[in-house]
Every structure is written in structure tokens, then in C-alpha cells.
Amino acid sequence: MRRGLYVGRFQPFHNGHKAVIDGLAEEVDELIIGIGSADISHDIRHPFTAGERVLMITRALNGLKIPFYVIPLEDVKRNALWVAHVKSMVPPFDTVYTSNPLVIQLFKEAGIPVLSPPMYLRESLSGTAVRKKMYHGEAWEEYVPKEVVSVVGEIHGIERMQQISKSD
Amino acid sequence: MRRGLYVGRFQPFHNGHKAVIDGLAEEVDELIIGIGSADISHDIRHPFTAGERVLMITRALNGLKIPFYVIPLEDVKRNALWVAHVKSMVPPFDTVYTSNPLVIQLFKEAGIPVLSPPMYLRESLSGTAVRKKMYHGEAWEEYVPKEVVSVVGEIHGIERMQQISKSD
Amino acid sequence: MRRGLYVGRFQPFHNGHKAVIDGLAEEVDELIIGIGSADISHDIRHPFTAGERVLMITRALNGLKIPFYVIPLEDVKRNALWVAHVKSMVPPFDTVYTSNPLVIQLFKEAGIPVLSPPMYLRESLSGTAVRKKMYHGEAWEEYVPKEVVSVVGEIHGIERMQQISKSD
Amino acid sequence: MRRGLYVGRFQPFHNGHKAVIDGLAEEVDELIIGIGSADISHDIRHPFTAGERVLMITRALNGLKIPFYVIPLEDVKRNALWVAHVKSMVPPFDTVYTSNPLVIQLFKEAGIPVLSPPMYLRESLSGTAVRKKMYHGEAWEEYVPKEVVSVVGEIHGIERMQQISKSD
Amino acid sequence: MRRGLYVGRFQPFHNGHKAVIDGLAEEVDELIIGIGSADISHDIRHPFTAGERVLMITRALNGLKIPFYVIPLEDVKRNALWVAHVKSMVPPFDTVYTSNPLVIQLFKEAGIPVLSPPMYLRESLSGTAVRKKMYHGEAWEEYVPKEVVSVVGEIHGIERMQQISKSD
Amino acid sequence: MRRGLYVGRFQPFHNGHKAVIDGLAEEVDELIIGIGSADISHDIRHPFTAGERVLMITRALNGLKIPFYVIPLEDVKRNALWVAHVKSMVPPFDTVYTSNPLVIQLFKEAGIPVLSPPMYLRESLSGTAVRKKMYHGEAWEEYVPKEVVSVVGEIHGIERMQQISKSD
């Protein structure tokens, strides 16, 4: 049995993330989705709490053909401890899927296989771009799964984002 | 829709926990299972990592008739912040199910409903008792779901427990 | 009895802060003054310690017609915990007075009333502007209460600021 | 001008503390009252939050003949840093008044004068003894200033204490 | 080249530690001595600071026939991160020498060789026993290297210990 | 006996640092070398771990004519506590040698002598400049002691740096 790990910040969970996960569902038997910077919320780059992101992801993956785990990962501040932190918080895994250069380096130094993802696994969308639309009142709904639109509505996410964006 | 929260340390997840959750599945539409002291492991009272406990619980609840979320909760040290911490890490919930006196008090002060669980929700087993059997080489397998026996085997849990118990 | 909360960083306490507080003294029976980022000092944007700021504020408010509390508030890093942190560190309060967008949002999400302050409550001065004068050796004394001038002198504040500003 | 520092946990503020402070008011011109373990609350030995203790002390000292500062001090865990922490959080002081052996040692190593308090400054009451009466439903009101009785009532302190004491 | 790691708390560094290190100098080419709980001092079980322990050890090992490194290791609270923490703070090493059961388990889980030390490597003395003599004014000097006696004298260590021991 | 303290980040240890230390070896009897931001690694400005820097420095100073201590210093985040932190982690010292403006100010406020270093003590090289060459594949080896070149090779330092520099 192959269990993979995929880590992101998911601020918010968008169609690019969804496409990666759909692709990974062909590669592994079970997938762990780690929510990075779980402890950060209510700021410009991290508007949503970990719990809100758990809800977005779980709903949007309803129907995924493999079992998955959605796990918040608080920051540990120290890169040299991060792999040990992740390993302690999630079920055992054998492969990491990522295109993030630092994550690649940290797992490589820890001797854990990192798969350079095939093209369809690369994120074509950036969270920054989606958030920008949300802040500017532009149409953002088409870039995220429809379940994410619902969650953002339920938690009054746009109102929160526009309020905190006044801070600067 | 009613979403409930149930928090424990699950060192390990045992039949008492399972019975509580089976009961709650009759009361709520979705259930959040918060794993307390997620950051503590490899000591006498907390032998298992959060990730190992996620695996135990998820497997043991395979087939539960309602959707559930399994979320590690690191300690925050400060009781006055704990409810805010929990709320930020899990999806929104409307009722807490617990018989822990401190947890009751903290949620009550935060104005969140705590349901005093009916008899079948009370844990008839204690984690301490189960761990004691594991440390002493007594039969412990009958007190936990069979999936937990498998996980403990896979991670060489008994060997770890017996090794660290030499520390004192 | 109405007890209000007013939070700022007060680096340093200036005439704008004083005017806000004089105005609030007409609105509430008691006022709590929370000193934010209490744990940060000796850097460009935060030259003064919490204790030095306590002294500035307490002396400058000598004679205020209502009772007041001056409370250092260390940072908690996590926005989602900040309201719980503040509530645990200060006496109970019923209204928050602020024009800071993030503070407004956090208290609003916690269900605590935030009063959008009338015009005379808005700070017409910025701490940044006052510090700039202090760093550049320009006249800054007229922008702060005279008691603040004394405290800055006693602690050799200008010398400290000019020394640390060489760092970059 | 002589400014003294007096540190305690004040769980709760009782007549012994009050007698010490009345005595110190004869010795110094201003007094800083530091509330230790400000971040700890809702446990058996530390039932009250820092804010609740600020309120107890401020009210009970209403009418004290010298100016005083009431400052919460979060724990720093490291004894070697504690004096620096205290110094950064409170206004400058020249003498520490305490009978706590560790506090004496730490300030002495930092070269700060510690006055061994005269007999009337020694606490004849212990917080532990007062809390015991509160937990056991015995008469405790006579051991604390009447303003503390009021605060405990307003915050439903006895109910909280009796609830959390079920935890063990 | 073989570089070994030996970790202890060294409160204080005593003849048992010295004998272990003399033995290890026959086994390895270089030795790293990690000072555990480096951040804890001024309490009954941890009277000395990390810096004081660095001084004791370095002086007492003057003349050791292999090169050695003395490195303070602050606690990380989380057992699951401790090996990664140690690895980041000290030069690369290939073998750990210890008889501590938890340390054995943690390095074993991390896949790092732990050598079960031969008899002469086992500590025949305990720090607890040495400290007890120091607290009780009994002869303790014969149980530690003479350089440790000097350091304890220079820092007024016995006075500190006897003062803090009044705390309880 | 005069024991000096010299603090730097040493990312990496370069010829400028070496020249300063050679100069200091004429001034003091023993030298403590504190490695700042010891807990930070694997990022653009801090590529190397504390342990790797310990190794670079110790090897490069092999043959220095005075005894020296190489001590990692984790960050404490709070400038007001930093001097106390350093004092607790290193052996007692009587003079600090530095040209860093903030370090000068912090030690001066703590009443500890800071010597303004003579010209040959000033660093003519900056770590930033050396790292830039390492990232860009330019010749960097001539700017650091040859032992540092070896260590960087052994730990595959250039590969790490070039990998993490893709992150942004």
C-alpha cells in the first residue's frame, strides 16, 4: 500500500490543488493532505483558519476515489525540525509530492523520497492570484471548487478579507 | 445540520471511546474528533504520536454511519486560550460532548453548549488502565478495536512503551 | 457601570492617544488601556519597553477624571487567539474602542461590541511620524504630553533610539 | 523618590498581601505590584485569570496612600531570564520586597537590592490555605478584603473552582 | 573518522561522567558533549546554568586526548522533535553513546546507531546523589573533578543552591 | 584573566571573522564565540545549521593561540532578554567585542563593557556578499578559511543553497 503526503497552505483551496489531488489519486492508495501554517489566520496572506480550510478541503474532496486524511500542521519556525514535526502529526507515509523547493530539500536531507510531480500535478493557479480577486471584489468563484464557495459564504469570508485588508 | 465535537487524548483509542462515538453518531449529523495533547509523545502517559492516533481512530471508525473529522490539537498551555485554539483548528461546531470537568467549564465560560452525555456516552474504560496492561505485558488487545491492535503492531508500539518505561 | 477597552502600541504615547482617552473619559466609567506588543522593545518601530510605556501613560493620565488600568499585553502571534488573550489579561469590559481594522474584525467575530469612534477619537498623529522626528533629531517634544518628555529623558530614550537606528 | 517592587501570584489576593502592602506604603513613594504566573488560570492552584486578579487588587487598594501600578507578568519558564523579563515589563524600581527564596536569589545575582521584609511584612496567610476553604465550601470571606469577595462573586469564581476541582 | 555524541544534564559534571568520557576517548576520534536542559537553571534539580556547565566540563577535560565539542542543548519539549533538534545543533556524528532508555528509543526510531555502553561507560554516580550532598553541606568535592570544585566556588554555587532550596 | 565574548551569525564563517578573532587573541586570555540565530537554518540568509557552523569555526580556529569556546545561541525574540540569555549560555566574560549597534546598546544598558574594536577588528567582508557568490556560482572559496570550504563540501552546502534559493 502506498500512502502519499501533499502539503499546502490552501488559502483558499482552489482548482489547482484539486487537480493535483485528482492526479495523485491515480498514483497512491491513500493520501494525506497537510494544511501548512495552520496556526496563522486573519491576515492578508492567510485569511482562513485551519478549521475553515479543513472544511473546504473535506467537502471539495467528497467523492474522491481514495481515502484521505486532512491534517492541520502548525508552524514550527525551525526548518531543521519541520520534517520531524510533520512526521509526528500525520500517519506514516512513503512519498512526498511537492514542487516547493524548500520542502523538496528538507525531505531529501531527511532521506524521504520526494516525487517531482508530472506536469498535471503542477499548480497552474496561485493562491495569491485567487486572493487578489477576492480582495478586489472580482469574480473568484470560478477558480475554486463550488464547495469552497459555500464555505466562504457561510463564514462570511469575503467580508473578513475586505475588513482586514484595510489594515494596511 | 448538527455538528458535534468530542475531544480526548486517545492514548490509545479504546473500546470506551468507540462506544461513545457510536452513541454520538445517533445524535449528530457530523462529528469532529479532536486529538488533545497532539504534540506530546514518547512518554509514559502519552506513548503515541498524533499521527499514530489519527491512524488508529480513522481505521477504527471505518464504517461509522456519519461523516467525521479527525484533528490533532497541540497543547496551548493556557487554559484561557484553549477554546479559541480549538475553534480555530476545527470546522464550526454547535455542541461539545464531554464529561471532563475542565473542558465543561472552559466551553461554558465561552458560551458554547456542552451536553452532559447520557450514560452510554460515559467512558467505562480509562486510558490509564489500558496502558498499564500494555506496559506490564498483560492482555490488552480485547480492550481496543482490532484496528488499533494492528496499528500498534505496525509501529512497534509495545516495544517503544516498554523501552521508555525503563526511564523511571 | 461601563468599562471600555482601548488598545495601542504607544511607541511612544503621544497627544493623539491622549486626546482619544480624554474623549473616552466622557463615554465610560472606567477605562482599560492595553499596551500591545508589550514584549517587543529596542527595535526601530518599538524602541520602548512595556514598563517604560506604563510609566509614560500613567504619568500623562494623572488627573484623568475616571479610574483607568494600564496593562501590558504580550503578543500571542495567532490572531485567532488574540481576543481570548486580551480577555484573560484585563478586567472584564463591555465595549472596545478602536479604529484598527483587524482589531475591529477580531472582536466582532468574538461577538464583542466595537464602537466606531467619533471624529475626536481618531488619532490625528501617528507614532511613526513622532518616532521619525526622534530619530532625526527634529523637535518632537510638542507632539507628546510633557510627562512623556520627562520619561524619555530619564531612560535616555533618544540615545537608545539613535544607537539602534545605526543597525540598518 | 523610592519605587518598590512586590511580586506575588495573588490566587486570590488576601489579607496577608494587603497587610504587606500597607506596610510597604510606609517605606516607599510608589509601589509596583507584579502579578506572577499571569498566563496561568483555570487550574487548581491558579483559578483566576490575570485580569480578574488586576481587578481584585486595584479595588482592594482603593485609598492606598501612595500611587501603585498593577502589572501582569507572564511566566518565562527560564529562571535565568526572569529578572530581565520583570525589568522590561514594569517601570524602573530600586528595591524588591520579598520573602521568596528564589526571587531573593535571582535579584541578588542581578545586583538588585532585595529587602528582607520586617515581621509585619511577612505573609501570615497562605494562598493555598484560602483556596482550600474556597474548594471545600468553608468560610473564606474573612481572609480576604471585602472587594475580593465582590469580584469572586461577579465572576462566579466559586462555581468555577468547584467545577475544575472535579478534574482530579 | 568516528565522531561520537554523549548527552547529559551535568548538574554538576561529576567523576562518573569523566570516567565515561575517558572511556569514549578510546573508542572515537572526536567527541561531542551535549548539555541537555541547557535552558533550565536555578532550580533544585538544575542549579547551574548552561554556561557554568560549559566551563566545568571544558576545564575538567583539559588534556583529554581527543578533540571535543561542548554544546548546550535547550529543551524542545516535544520528544518527537528532539533528535532533529540535536542534529541541527551539533556537528555530524555517527554514533550515540548513552544508557538513557528514552534517548536510546528516540535515536533508534530515527535510524541512528546507539551503542550500548560497556560497563566502564555506565555512570556509577548519580547527579542526584551529588546534589544531595551539596544541599546538605556534606563532603561532595571528592565526587567531582577538582576543576568543578573551582568553578562551583567561583560562581558561589553552594550559596545559590542552599538559598533556592529554601523555596520548598 | 580576561575572557572576551564575540558574537556573530557566521553564515558562513569567513576571512573577516577570522581576522577579528586573530586580533582578539592578542587582547584576551580566552575567547567565547557565540553563534547567533543558532536555531535558524535552511533559508536564504541562514543556510547553515548551528552544528555546521560549530564545525566550520572549530576547524578554522585550530591552532589559535588562546583557548576558545564555540557556543550556539538560539534566538530569544525579545531584545530586552537577550543579554540575560547570552549570559546564561556561556561562561562568565568581562568584555564584549562587537561593532553591531544593537548589541552595543543592549550590553551597555546591562552595564557590561563593550569595546569598540580597533580597525583591524572591523569586518571588511560581509556574510551577505559571500553568500551571494555562493548562490550565483561565483568563486567564493578565497573569502573563507580553507577548512570552511571543506565543511561546505562535506555537507553539500552549495547544493542546498541553490535548491532553497529557488523558493523565491
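Descriptive notes on the structure:
Should a chain be cited, it is by its letter among A, B, C, D, E and F, assigned in written order, with residues numbered from 1 in that chain.
Operating definition for what follows: a contact is a pair of C-beta atoms (placed from the backbone, for glycine too) under 8 Å apart; a residue touches a chain by one contact, two chains touch by 3 or more.
Just so we're clear, the structure is a prediction, and the values are computed from it rather than from any experiment.
Touch-path distance (fewest steps) from subunit B to subunit F is 2.
Looking at which positions face the partner, subunit B and subunit C present mostly the same ones, since more than half of the interface numbers are shared. Work out the mean CA point of subunit B and of subunit E, and you get 37 Å between them.
Inter-chain centre distance (subunit A to subunit E, centres taken as mean C-alpha positions): 43 Å.
Shown for subunit C are the residues that touch two or more other chains, namely 39, 41, 49, 78, 80, 87-88. Every pair of chains that touch is listed here: A-B, A-C, A-E, A-F, B-C, B-D, B-E, C-D, C-F, D-E, D-F, E-F. Only residues 39-43, 49, 160, 163-167 of subunit E touch subunit D when the two sit together in their complex. On subunit B, the positions that touch subunit C within their shared complex are 76, 78, 80-81, 83-85, 87-88. Across the complex, subunit C meets subunit A through its residues 77-80, 100-102, 104-106, 109.
Contact residues on subunit B toward subunit A in their complex (touch as defined above): 38-39, 41, 49-52, 54-55, 58, 67, 69-72, 74, 87-92, 154-155.
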